[in-house]
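Common to both upcoming complexes is subunit A, partnered first by subunit B, then by subunit C.
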Partner chain A sequence: MSPALRGLLTRSGAGFVSNGILVIFVLISLFPVYLMFITSLKSQAELISNVFALPHDPKWGNYYLVLIQRGYYKAVINSLIFAGSVTVLTVLLSVLAAFAFAVFDFAGKRTFFVLVLVGLMVSEVSILIPVYNLLKSMNLLNTYVGMILPQIALGLSFGIFLMTTFFREVPRELIDAARLDGCTDWQLLTKIMIPVGLPGINALAVIEFLWAWNSFFLPLVIATKQELMPLSVSVIDFMGRFTFNYELVATTCVIMFVPILILYIFTQRSFRRGVTMGAVK
Partner chain B sequence: MTASSAKLDQVSAGPRVSIRQVEKSFGGTKVLKGVDLEINSGEFLILLGPSGCGKTTLLRIIAGLEKANRGEIWLGGSEVSALEPKERNVAMVFQNYALYPHMNVYDNQAFSLRLRGMSNARIKGRVEGAAAILGLQTLQNRFPRQLSGGQRQRVSMGRAIVRSPGIFLFDEPLSNLDAKLRVHMRGEIKDLHHRLGTTSIYVTHDQVEAMTMGDRIVVMNQGVIEQVGHPLDVFDKPKNLFVAGFVGSPAMNLLTGSMAMEGGHPIVRCSHELTVPMPQSAMKFNGRAVTLGIRPHQLGIDVRGSYEAEIRDIQPTGVETILLCRLAGQDVLVQTTERITGKAGERIRLSMNAGNLHLFDTASGERLEV
Partner chain C sequence: MIESRGRKSPYLFLAPAIIYLGIWIYYPIAKNFYLSFLGTEGTHGADFRFVGLQNYHQLLSDELFHRALLHNLVWVLLSILVPVVIGLVLAVLLVHKRTRLFYSAIFFLPVTVAPIMAAVVWGWIYNPTFGALNQMLTLIGLDSLAQPWLGDAATALVSVNMIGSWGYYGFCTLIFLAGLQNIDPEIFEAARIDGANALQQFRSITLPLLKPTLTFVLVYTTIGSMKFFDIIYVATKGGPDNSTQIVAVYMFDLFIRQGDVNYAAAMSVVLTAIILAMSLLAIRNMTRKPS
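Now for the complex of A and B:
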């Protein structure tokens, strides 16, 4: 066998193995989605006898049952208000703070930035009780504001960190040119930094929306009234002590999953650019 | 020339620039050590020096992008040291173009005018005027990523022109271009200056740019100005060893030795084999450690020459040939328009004319006039 042919076979062999591994990982990742989707279309009876196969008679009515009959459309609206507000405010505050960290020199800049990074290490569960007590003392339990503020606080560290990385990659000369052209600080932010950093802002918005949309513990503790509960919390209605409506839980999960999927499909190009832009210069 | 470009050509020569005792440090590093400089109205001044000499920092201080620790900047009759960049009426062309990536060519140029609240009709007139001067008419709707390096640099200049600034600042604007385009753009910038006559300060480390473009050159080194003068004056009469070694390509040959008398005539003794006769007026430096400078093109290859050297390397460039030779234990460069047929290891004879020699005090580095 010639060395060239051997090289080609080795390369294609290596490609086959690596592609094979990738296919396995894709299947592992997609399997829960598949399982969730087919479960959402089964009756309880069918689910017991047929867990993994496609449903014999798809029960699309499960979606009507969950959204309309059980009134979960209100939870969807709550989730949209909650995640939407958290996303808008977190992105706004992150952009403002990151702009300051990336462009200006001020006393204590490094210390403040380290504090921001420390915020990345704080877990949601560890602050649950103090946040609950704080909100209680401020009469913010069972309010949108009470749900939104702690979620913003949790997402802000990551947001500031990500956007600072982005803004620091904007060439210094571009900022200088804008200043010479006559930009005020505000114009520099709105007319140069935000348009240039748009891939990063998109990525941050998707990530923050995803986190808020899926957030469970904080809304669970803060929003105890049904009319305020987001979808992520409402789903526990189907999980009783002695019963567990798997098909309805799966239906709710699909309802939760679809908006995220749509959001990702629409923003995936800039999301991918945004996520990778911070990594490599 | 179109009517709109004519409108741009009516820009005044720009203010005189005075830089007085400017000092700047970054942390513990002193980058500018009390720089004094006067730039005439309408002058094209080159700031030349090696990397890290402080030339770009000085330019940024003039622009207002950096604040000096000490000293004053005067534009025209007023001090601007405390003013923001936008209040100084200066425009800058950057090495990396610094075009706004999300704006097309037209918007890049119109941006500063919109910020000033100028009417759309006037903006259009100005941008079209700049486009006519720089040949950008067909590129107005393109984005920076759709342009070549030369086109980007032209847009960058257009952005500066439309503002009709008092002063143009250029920060190594041609460094990112290939050699051919650089020559072309050099001509364009010079032509632009002739047409507009605006005071221009141009930072470069490229000798050819400095020699060919500037009305005057300012040679900087380690935060101080070493010499200011007309390009050929700086080339012909370098003030010290640094300027002698930095200005000119290939660099001046510098041979160390000492001044002595031989038979009543002053000579520079570089070694036992190499003694160079000097004019009688050099007698006053007898006994001093000196450095002898001679430009490579002034070392002649001459069979009757007084100095024998060994060829170490031959570098033909087409128009000329540069030889690296070993002369009495020291490396020298010889630049000749002759085609050299010899090869490394061969010996040649060199001659030098006493009138072309430069003499420097080795200890202080200062030029010694003979």
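Now for the complex of A and C:
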């Protein structure tokens, strides 16, 4: 065999293996999502007799049953209020703080930045008990406000960190020119930094929304009344009460996932930017 | 950088976030620390008093806590061995492909699926009677391997970790891909001309130049593996026979179900301390950038 031919063979062999690996991981990535969708459209009888294939007779009525008859639409509204408020407030606080970090030089800057970074390491586990007691003493358990307030804190450090990275990318000349034109600090923020940094703000908003929408630990503890449960807690609550109605549990999962899927499809670039920016830059 | 020593403007922009973190992050951490030194033992009812290190003493002899901590460490190892390695391999395979955006978008899809949802769906896949995994094994003639994946203490921890890995390798792929794209392709070109094969290129170019990205992913994975909760809580609640018990779930159970506030607080302090210690190195690396 000539060296050229052997080279060609090993190269196409390597290509075959690498494409094979990629295809296998495409299947692994998609299969559970596919399973969730098809299960949500099956009847009880079909759950065991037909696990992998599409349902013979799609039961769209499962959605009516879950959303309207079981009142699950309330959880959708709760999640929208919860995740929407958390996103808006987190972005607002992050933008203000990042503006200070990225543009100004001031005494104690390094210390403040370390304080913010410490927040990156802190999770629900570290704050659960005092936060629960604090909310209880303020009569905020089982309220929207009580769910929203601590959740913002969990994403805030990441938000400040990410926005600082984005604001640093704003060209220095632009900021200097604005100063020469007599911009106040506030005008500098609203007229220059926010418009120029808008792709970054979008990226942050998308990620914070995803986190809040999918979050479970704090809402589980704070929202114990069914009328206030967001989707994540509601899915598990539903599963506890309808243990063997897998098709209906799947329906609740799909209802929770579809808004995220739509968001993901339409904001690909923002997702990618938000996830990779903090890590690689 | 705008010099503003003596001006209050930057502090005004910073204040809302810092005050906010103060109320909901720093104060709870300090309060937790304080609570961990209190206890009710020896007094009547809910009359809390200072008990010194008693709660920490109890942690030292609590075998379930030791097991839970060990499971967290196993989770760290598995999360590095499985999703991080898979993510690195997929990123290396994708970096010179024109279809990389398409593939990485699909690999990232599981990352957008809520952990609780992944736990629910994978619970069905692992189900011993109608689960897709056992059915698939039977289909390819490996039915001897079929078993109750989450119901057996021997396989439960690894099986649950696979749920977490499924929702994580796409994140690693995306990060590594971004890191690899930052490497100048001319370096690879030069290596190829010098006759370096793919493995040599990976060892002597890719890995060293990818080191900052690798460090970030390893630190991020370690922190995440110490504090995760959702998947275990939904899939196994720590069972069977405590084979998947982790610190977060154990602490949650102590606090919510048993109302053992001070002991739970001590546990939470230890976990927080471990995470902060592990992150110390990362903070040093990260704070070099601003200024």
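A few remarks follow.
Rule of thumb we're sticking to: the second predicted complex is superposed on the first by the 245 of 281 C-alpha atoms of A that agree within 3 Å, B and C clash if a C-alpha of one lies under 4 Å from a C-alpha of the other, contacts with A are read in each partner's own complex, and residues count from 1 in each chain.
We adopt the following convention: a residue touches a chain if its C-beta (ideal position, glycine included) is under 8 Å from a C-beta of that chain, and two chains touch if they have at least 3 such contacts.
As the structure is a prediction and not an experimental result, all values here were calculated from the model.
Partners subunit B and subunit C, once the complexes are superposed on subunit A, both fit on it without clashing.
In the superposition on chain A, A:S40 makes contact with neither subunit B nor subunit C.
In the superposition on chain A, A:S79 contacts neither subunit B nor subunit C. In the superposition on chain A, A:R179 contacts both subunit B and subunit C. Look at A:Q187: by the touch rule set out above, it reaches subunit B but stays clear of subunit C. By the document's definition of touching, neither partner reaches A:N245: not subunit B, not subunit C. For subunit A, the partner that touches more of its residues is C, with subunit B and subunit C as the two candidates. Residue contacts after overlaying the shared chain place A:L22 against subunit C, while subunit B stays out of touching range. In the superposition on chain A, A:S94 makes contact with subunit C only, while subunit B stays out of contact range.
Contacts of A:S234 after superposition on the shared chain: neither subunit B nor subunit C is touched. This overlay, made by fitting chain A, leaves subunit B and subunit C with a least C-alpha separation of 7 Å. Looking at subunit A, you'll find residues 179 touch subunit B in one structure and subunit C in the other. Note for the complex: subunit A touches subunit C at residues 14, 18, 21-22, 25-26, 28-33, 35-36, 39, 47-48, 51-52, 93-94, 96-97, 99-101, 103-107, 109-110, 112-134, 149-150, 152-153, 156-157, 160, 164, 175, 179, 185, 189, 210, 213-214, 216-217, 221, 232, 235-236, 239, 246, 249-250, 253, 256-257, 260-261, 264, 268, 271-272, 275-276, 279-280. Looking at the complex, you find that subunit C touches subunit A at residues 1-5, 7, 9-11, 13-14, 16-18, 20-21, 23-29, 31-32, 35, 86, 89-90, 93-94, 103, 105-110, 112-118, 120-122, 124-125, 129-130, 132, 135, 166, 169-171, 174-175, 177-179, 182, 198, 212-213, 216-217, 220, 223, 227, 229-230, 233-234, 247-248, 251-252, 255-256, 261, 264-265, 268, 271-272, 275-276, 279, 283, 286-287, 290-291. Residues 171, 173-174, 176-183, 187, 191-192, 195-196, 198 of subunit A are the ones that touch subunit B when the two sit in their complex. Considering their complex, residues 60, 63-65, 84-86, 90-92, 94-96, 98-102, 111-112, 115-116, 159, 163 of subunit B touch subunit A.
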